[in-house]
Each structure stands twice: as C-alpha cells, then as structure tokens.
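Both complexes shown next keep chain A, but they swap its partner, so chain B is in the first and chain C is in the second.
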Partner chain A sequence: MVVYPVLELVRASLGRYSITGLHRGWVGPRNYGRLLEQEALSTVVGNTVTWVVMVVAITIVISLGLAQLLNESFPGRRLVRWALIVPWAASLIMTSKLFVWLYDYYFGLVNRALSAAGLVARPVDWLGDDATVMGAMIAVGVFVSLPFTTYVLLAGLQTIPGEVYEAARVDGASGWRAYRSITLPLLKPALLVAAVLNLIYVFNSFPIVWTLNDRNPGFAHDTMITYMYKIAFKSALRDVGVAAALGVVNVGVILLAVIAYLRVARWREEPV
Partner chain B sequence: MGPMRTRRPLVLVLLCVAALLSSACGDGGKAKSIKVVIAEYSKDHTRPFWQGLAEQYTKQTGVKVDLQVIDWNSIDQQVSTMIQNNQPPDVLNLNSFSSYAKDGLLYSADEALSPKTRDDFLEPFVRGGTYRDKLYGFPILASARAFFYNRDLLNRAGMTAPPRTWDEFLQAARKIQALGGGVIGYALPLGPEEAQAEWSIWMWNNGGDWKSGEAWTINSEKNVQTLSFLAGLANTHKVTQVNPGKTNRTDGAFQLFKDGKVGMVMGFSPLAAQLDAERKLNYGVAQMPTNTGTPVTLGVEDYLMAFKKKGNQEAARQFLDLYYQPAQITRWITAEGFLPVTKSGLQQMSGNEKLKPYLDALPSARLAPTTDPTWDKVKLDVQQNIGLAVQPGGDPKQVLDRLQKNAAESGR
Partner chain C sequence: MAGGAGLIRRAVLAFAGLLLAAALLAPYGAMLLTALKPEAELRITPPRLLPVTWRPQNFWTVLCDPEFQSWLRVSLVVAVASTALVIVAAVPAAYHTARHRFPGRGAFLFLVLVSQMFAPTALVVGLYREFFELGLINTYAALVLVNAAFNLAFAIWILRAFFASIPREIEEAAEVDGCGHAGALLRIILPVALPGIVTATIFAFIAAWNEYIVALTLMTDAGMRPLTVGITSYVTAYVQHWDLLFAASVIAIVPVVVLFALIEPYLVGGLTAGGVK
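== the complex of A and B ==
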C-alpha cells in the first residue's frame, strides 16, 4: 500500500508529459537532469534545510520547557493541557490563513501589538519582506508542532521514576544539574521520537509555506515540497515529469530520515 | 493483523472491477454516464445551477452525470491528474483550452455543438476559442475589467472626475496619497495570483501587446516603458500599497479597496457585487486611464470543452446544447455576476443597469492570447516573475527580456 504510490512516482519521473498531463513517452533520467538545471533549486534546498532545522530545533527547545511545566502540578494544569491541543486540532490551512491575517501589513494584529509596545517604529510587511518571510513561516511551523512534541516529551517525563530525583537530591544534585544529568539522558528516547517524527512532518509540510508565501513571486521562499507543486502546476515549466523527479528525491530524503531513526533506535535497544 | 492482510487485496480487486466497469461504459456503444468538471465561481451559485442542469439532462437523455465542482486553486492539478490516468472528463470548464486542443483531446464545435448553438456565440469569443481555424474552446462566460475609484477619497483630494490619461492618473494617485493617514493612491496587484491581467491592461493602454503576428513582443520598448512606469508608481512616487509585486488581487488589492483605504483599483463585476452588498463604499466605475488616447480593457473568456472519448459524442453534445439554451446560460451568468457570451444573452442582459459599464467596455475589450498554447506557460511565467520588476531595485527590462526569451523558446 505504501510502495505503490512511490512506484507510480518513479514511473512518472521517467516520463515526458505535455502541459495538459498527457503522457508522451519515456525519457529515462532526463527529468532529473532538468531538475538539476533549475536555477532556483539551490535556493529551495537551502530554504528546506533552514525551514526543517529551525522549526524542529525551536519546537523541541520550547516543548522541553512546556512539558516540564505541564509535568508539575499547579492549579489549572488540566485547562492548560487542553488549551495546548487546540493548534493541533485545527486544520493547517485554517491556521495558516489566520496567521496571514495576523501578519497583515495593514490590518494585522502583530504589527498593532508591536507598535503599541513601541517595538517597531513602522509596520513590517512580514510576509512580503524577503528578510522576514522565512522567520514568519517558521514561527507558524513551531506553533503547530508544539502540541504533539510537548505531549511526546511529557509522556517521556512521566516515565522517569521520582525515586531517581530523590536519590539525586540525597547526593546533593538538584535543579539544573539534576535536569542535565538525569532528565535529559532519560528523556533521550522521547526526544529522538519527537525529533525524527517532526523532521518528517515538517519537511513534508505544504499548507503553511504555501499559504503564507502565496503572494510572493518566484521561488525565493519555497521548500522542496511547495517547489514540487509549482514545477508541476504554477511555473513556466509546468511539467509533471520534472515535478515527479523532485518527488522521488523528497521521498528519498524521508526514507533516509526513517533509516537513520531505525538504526539509532535499534542501537539504543541493544544491551550495552 | 491477520484479517486485515487478507481483506485488503479483496477491496483492491473490488475497486479495480468497479473502475473497469465504469470506464468500460465508454467503449462500444453509447456512454451511459458522463463526467462533467466545472470550476467553482461562487459557493452560492455554481453547484446548485450545475446540479439542476445535470438532473434535467439525465431526465431528458437517460445519461447519468458525474458532476465535479472544483475550486480554482486545485482544478489545474485535478484535471492534469485525470488526464495522466487516462480518465479525462467528458465536459470540462477551465480558463484555458488551446493546450488541450493541441494535444488532440477535444471535439471541435462541428462535432460537439448543434449549428444553432454555435451561431449564437458572440464573434470575439469565437475568435478567442479558436485553435488552427477550428473552434474548440466554447465560451462559458465572460468578464471585463473596469477602473474602480473611491468617490469620497477622490473628492477629498479635490477631484470630481476619475482620471482619463496616465498623466491625470498619476496626478490623482499623488493627490490621494497626499491625503495622508494611511490612504493609498492606487492598489497595484502584481503578485502571482493574477499579475498577467493587471499587466495586460497597463500594457495595452500604452500601445504595447503580447504578440505581433506570430512573434512574442513581451520586451518591446513600449512594454519596458510601461513596466518602468509601474515600478515608478511603487518606488519613485510611492503611490501604491506596500510591496505591490507581492500583493495578490483578491485578498490584497480588493480587500484594501473594500476597506476604503485605496483611491483606485482595477476591478470587475463580482467586486462591484460585493461592494453593493456591503453598502459601505461610495465608489464609481470608469474606463481605464490610457496613454494612447483610446482606453482598452481586458476581457476574460472562460471555456467549456468536450473531450473525445469513445461513444460520448452524442451525450456531450446534448449536455452542451442544454447549457447553451438561452434561459439556462443567462440564468447562471446573471446569478454569478458575469457577462454574456451569446447574442441572445447579450440581448437579455443589456437592460441590466448594473452591468452597463462592463457591457459598454466589452467592444473595446481585448483577450489575452489564449488561442496560443504557449500562452498557458507564458501566463505562469509572468505570474511568477513580473512582480519582481516593481520591487525596490527591480529591473523591468531584465524581467521582460527573460519572459520574452522563455516565451520564444517554448513557442518553438
């Protein structure tokens, strides 16, 4: 069931297609060659690395804090735990459209809040200014990735037995020291799961980049996923074959992530 | 896990059988059902109309209709997938046709329309749907752009009439912008959504064009001058919204105009319908400002196409003939707020006061070169690139040179 679409993708990447989608014969690896010729490709690959690394890294750092917070008992903890699920439950497209409005140069709340706080002298065109588009997208990517990541890490925290901390306290280690020498090492399996699943998820993410970047001409802020779509339907290339070639590359990237994960996971399970 | 493993192949087999059965209907003998793919012009009117039409058609002919109403954002992708999988629609509505005609996928008007239907089409739209001397793209509806202005802002800036020339336009934009308080002179949407439309209007009103005869003339001297003028509006005179090369039409320029922040914008009849429904804005509609003395506007024709499949010719013809009955087509076009494409429709709708400015503009309207299959790529190239020319530091000539080069190459 998983293999069939991949085979179809590989097949499509070896074909020559008319702009209408009509199959016109086989061209072997030529679509891959044409993909490599694309001027935008290096920018797009760079964007993809920035997008994935930044979203995953920032998400994990914030989630570590959130999970720690939610692991403590405090009044209203239940409510906060529920509230955290909201961005997860909302559709990515709706969330992205909401952020388009929040970021808007003329109507957006972000600019209003920042200028009210005296942080900016004039409004910023968050989604139009080349310097801020990627950051604005990463912020949304982090926002929607937090719930899942926090819950994975929270689950991890809850598997750490309290006695370990007590023992540490007896030995005189507390606070930051205990966190570094006990919590983080014991949290490693959960961190690994969170990192790899987020990596795949964020790499594959289409709606955020597509929606927040839809006003910008060209490919300056595209990732490999949105670029694939643009090659097929929204650029002068308009070529399903070349897009499929990039699709095969994308599947390959995910496959690598999965293999790396499996190897690390197995290494972890083997007795030392 | 056990039961799942055995059940999955069975489901697959059933699906395959079902697929075979449904596609087999087309072979040998007459089609028992047709697939009709329509773009969604509005949530309120598109599906109800076509659903009703399909039911009526089935009642009359006994042929079932698989109706798919698809939003504009994904229709290109979905139609492409249908054709890749060798399951094209029988009847398709889209904003382009010539690539499909070039690939030999379509019936011509002689094959798919009764002579009476064919003869009712308005002549400009027949020309706009012709590929190699045959009509393949049947007009489904039309729209025309017009120049919208905010009367209150114009008056506050000391003007009583909308600008008619580019000089007057620039003066008007500067005066409106000078009102201050975040007021914008002109909303210029050159983002990817519809940049080719905005560009066409400015280009034509300076005497330039996409093509001259068979050759592309995208980087003509006139066109470089026009694009430099637009870049000047943004960067020298600063009379546009922020980043016009990165502003789309619907949620960008139109939104600002609806909100009363903008003095002038290029609009069309559906925008007027929204403004009338909201009743917030005191606006006027005029002809495009021109730099040549003769205002030109952009007409847009959308198409219906009939795909060649075994045994479906009669069924497709009957469906198209039903849509083109004057009562049907006019009812729908009126509901959606667009313009007629048939002689009978024009007659019926000419009394509509609201449509007057657009109907008046129709004779001077020009269409994009949709009859050239290369256009389908040129359009996308323009959408992805022309906005870059009006960004600070953008180079209009360089952008147009590149577009010209790509157009000339893909035309070969």
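== the complex of A and C ==
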C-alpha cells in the first residue's frame, strides 16, 4: 500500500496525460525536462529550503527551553503538558484556517495585539504582502511542531541520570556551563532524532502553506509539495506527468532524510 | 540550600509554565470566542476578543446543518474502519515480530519504519493515479485503505514494544497451567498489552480523523467529504462564515485532544521508533 503509489508515481512521471488525466502513451524522461523548464522551480526550491530550515531550527531552539522547563517539577506542570498537546492533536487544516483569521488585515487579532502593544504603527497584511507571507507561515509551522519536538527532547532529558549533575557540581560546574558541557552532549542523540524527523515532517507539510498562501496567485510562496499539488490538480498546466516527476524528486528528498535518520538513530534490529 | 530559594524557584517555574500554557492555548481560545460571536460581530474594526453578544447557538446551527452531518459521517466511517483495519493487521504482525525470528524479519521492520516516515503527501499524485485506475475515487474504500496503510507502521512499532516487554515465561507458565497457546494469548498477553493496543487505536483514529490532503484529492464529490475538507467550504471567496467554521472546528478538535491526552505517555517511544529509547 505504501510502495505501490511510489511505483505508480514513477510510472506517471514517464507518461503523457490529457488534461482530464487519461494516459496518452509514454514520453520517457521528457516530463523531467519540462519540470526543469518551469520558471517557478528555482523560487519554489528556495522557498522549500527556507521553510524547512527556518521551521526546524527555530522549533528546536524553542523546544530545548520548553523541554528543560517541563523536566523540572513545579505546580501546574500537568496543565502545561495538557496545553502542549492541543496544537499537536488539533487538525492542521483547522489550525491553519484559524491563523488565516488571526492574521487578517482588518479583523485579525494579531494586528490588534501588535498595535495595542505599540509594535506596529499600522496594520500589516501578513498573508498578502510578499515580504511577510513566508515569515507568517514559518511562525505557524513552528507553533505546530513544538509539541512533538519538546516531547522527544524531554524523553532525551529524562535519560540523563541526576548523578551526572551531582558530579559536575562537585567539580564546580553549574548553570549554563553544566548545561553546555553536560546536558547538550548527552542530549545529542535525541536532538538528532528530533531534527531529522522534523525535517521529514516539515518538508512533507501541506495544509499550512496551502491555506495561508491561498490568496496569492502564482507560485511565489509555494514549497515543492504544494507546487506539485498545484501542477497536478490546480494550475493552468494541469499536467499529471510533470507533477509526478516533481513527486519522484520529493520522494527522493525524503528518502535521503530517512537514510540520515537511520544513521543518526543507529537503527539496528533489536534483540528479542 | 535554603527552603526559601527553592520556593522562589518553583514559583518562577510555575509562572513560566503558566505563560507557556497561555501562549499555546491563546489561538484556540480565540477560535472558541469567535465561534461564539454573532456573524455581524466578525466584521467590526478594531476587532474585539470577546463577543458583545454571546451566541452559543452557532454550535446548534452547525450540528443541525445536514452538510456538517454528512462530513461528520464520512469522517467517522473512515476513521473507525481504518482504525479497525490497522488493529486487526497490526496486533498479529507486532506479536509475531516480537516473539519470533524469521527470515526477512529485519527487512520487514525496516520497511515498516521507513513507511512511517512517508506521509502520503509526497505520494499524493501516485495515490490519485492508483485509485483513479482502480475506479475508487469518491469511495470510502479509498480513504480507509490509505489511512490504514499509513497508520499501520506506528501501530506495529508501538505494539511490538509492548509485546516484547512481556516476559516469555509468563506465557509459558500459562500454557503449562493448561491455558493452551491461544488461551495464553487471549487471557494473559492481550490484557497486559492493552495499554499499547489502546494507544495504537487512539493514534490511528486521530491520524485518520485529521487527515486532509488525501481526502482533498480523492474525495471530489461534495457528499463524500470528511470534516477536514468539508468545513473549509464555510469560508470561500463567496461566503465567509468564520463563526460556523470555528464552531465546527471546536466540535472536531475537543474530542481528539481528550483522547490524545490519554495516550500521551506512550506516544514519544512509538514515534521515534528505532531512535532514542
């Protein structure tokens, strides 16, 4: 069930299709050539890199702090863990729609809150202005990626035995120094796993970019995933062959990330 | 260290925790408040956080909307059927790989792990071709199969961990005591593995419940759309019922958040299968 669509994708990338999706014979690698001819391709690839790198990097930095906080015991910790679950469990498309509303130029609470705080002089058209769309999307991407990442890092933190810190305190290391020289190195496996899994999830992410970028014509803010979808089902091109060619490229990117994951996770068959 | 310093530290941590919880919940709080506004109040500037007139009837409007009922029905059918399929396939697969060594076991687990990382997103064009040629566009079968296939991996991994943690001796002791192999499985192993089965069930259900892109692609007929795709029709270029959109979203989100909270303790281990343990 998972392998077959890949084969179908490769097959489709080598075929020629009518606008209604009927197979019209074979064209070999020509779809890949046509994909490379698309003007938007370089923008789209650039967007994808920005989107993935920014979301993953910001998410991990914030999650490090959150995991550290949740690793301490304090009154109300249970409540915070519950709150952290909400963006994770909620449907991504519903969260994305919610942010479209919050970012709204006239009626959105983001502009209202920022102007009340004196941070912006006049409302910003977050999702309509080319300069702010990507940033607005990245913020939502980070928001929904925080819970999973924090949980992975928290699991990592909990494997570090308390005695290590005792020993460090005896040796005179505490605070930031203890964090940098003890916690971070011991957390490295969890960090790598969180980074690569996020890389895969964020690259694959569809609803956020699809929804928040909905108003803007063209492909100026699309990632390789939404671009593929538009080529296949929405754009004037409506070309299953070219979309499938991009799909094969996307699958290749994910495969590379999966191989990276298996390396950092040092995957091996566990003994029974 | 003095007790006072510890107390201050705990107070600071609690305050930071409170801020964090507020930041995470704020957008969803705004969602709920918008769902409680009359439509006319959506278009006032500057926007208000709280409704002037509270209008909980929005929730009734949504629940009584025949279209909403249809989306809900599709979502429920797809989520329940695909979850059932996942559990029926995953329990024996997980038990078998946890208890027996067989040729290709490593390769099997490897494939399962890799397939967990392939969200259907990148494959959606291939999936569309597949179901187009099978003539299954706009059928329950299409969504049920895709959701089951992509959630199977997680279920197998988490169940395998549970089965593997049950000492083989317990099973053998039960067999010696006259339970028989099947009896030991039913009376000893399944109850012990129950938390794992519950976790896998809830996870598969939520994943199918929240799935969007495959449904968007394969369910082109308005009568066959699940909630995730359906509710977007409350706000289009022509109609802007944000109040109803968010009332429907709240109805869809609250139950899964509660379910999710139940399985939270087991999730991370399953999702980072093969990684940190």
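As a convention for this text, the second predicted complex is superposed on the first by the 263 of 272 C-alpha atoms of A that agree within 3 Å, B and C clash if a C-alpha of one lies under 4 Å from a C-alpha of the other, contacts with A are read in each partner's own complex, and residues count from 1 in each chain.
Keep this in mind: a residue touches a chain if its C-beta (ideal position, glycine included) is under 8 Å from a C-beta of that chain, and two chains touch if they have at least 3 such contacts.
Not measured: the values here are computed from a predicted model.
K.L.:
Please determine, from the superposition on chain A, whether chain B and chain C clash or fit.
P.N.:
clash
K.L.:
Where does A:12 make contact in the superposed view: on chain B (first), on chain C (second), on both, or on neither?
P.N.:
Touch status of A:12: both partners.
K.L.:
Is A:235 touching the first partner chain B, the second partner chain C, both, or neither of them?
P.N.:
First partner only.
K.L.:
With the two structures laid over each other on chain A, which partner does A:106 touch: chain B (first), chain C (second), both, or neither?
P.N.:
A:106: touches chain B and chain C.
K.L.:
On the A-aligned overlay, A:206 touches which partner chain: chain B = first, chain C = second, or both, or neither?
P.N.:
second
K.L.:
First (chain B), second (chain C), both or neither: which does A:261 touch?
P.N.:
It touches chain C, and chain B stays clear.
K.L.:
Kindly classify A:217 by the partners it touches after superposition: chain B alone (first), chain C alone (second), both, or neither?
P.N.:
First partner only.
K.L.:
If we overlay the two complexes on their shared chain A, which of chain B and chain C does A:176 touch? Say first, second, both or neither.
P.N.:
In the superposition, A:176 contacts neither chain B nor chain C.
K.L.:
Looking at chain A, does chain B or chain C touch a larger number of its residues?
P.N.:
After superposition, C is the partner touching more of chain A.
K.L.:
With both complexes overlaid on chain A, does A:92 touch chain B (first), chain C (second), both or neither?
P.N.:
The answer is second: A:92 touches chain C but not chain B.
K.L.:
Among 25-33, 79-87, 223-231 or 277-285, which stretch of chain B shows C-alpha clashes with chain C in the combined arrangement?
P.N.:
The stretch that clashes with chain C is 79-87.
K.L.:
Name the residues of chain A shared by its contacts with chain B and its contacts with chain C.
P.N.:
1, 12, 21, 106-107, 229, 232-233, 240
K.L.:
Inside the complex, what are the residues of chain A that reach chain C?
P.N.:
1-12, 21, 66, 69-70, 72-77, 79-95, 97-99, 101-102, 106-109, 112, 115, 143, 146, 148, 151-152, 154-156, 159, 189-190, 193, 197, 200-201, 204-207, 225, 228-229, 232-233, 240, 243-244, 247, 250-251, 254, 257-258, 261-262, 264-265, 267, 269-270, 272
K.L.:
Within the complex, which stretch of chain C touches chain A?
P.N.:
Residue list for chain C touching chain A: 10, 13-14, 16-18, 20-22, 24-25, 27-28, 30-31, 34, 42-47, 49, 98-99, 101, 105-106, 109-110, 113-115, 117-130, 132, 145-146, 148-150, 152, 164, 206, 209-210, 212-213, 217, 227-229, 231-232, 235, 242, 245-246, 249, 252-253, 256-257, 259-261, 264, 267-269, 271-272, 274-276.
K.L.:
Going by the contact rule set out above, which residues of chain B touch chain A in the complex?
P.N.:
8, 76-77, 79-84, 99-100, 102-103, 105, 182, 190-193, 195, 241-243, 245-248, 251-252, 255-256, 259, 261, 373, 376-378, 380-381, 383-388, 406, 410
K.L.:
Quick one: in the complex, what on chain A touches chain B?
P.N.:
1, 12, 17-23, 100, 105-107, 125, 127-129, 214-219, 229-230, 232-238, 240
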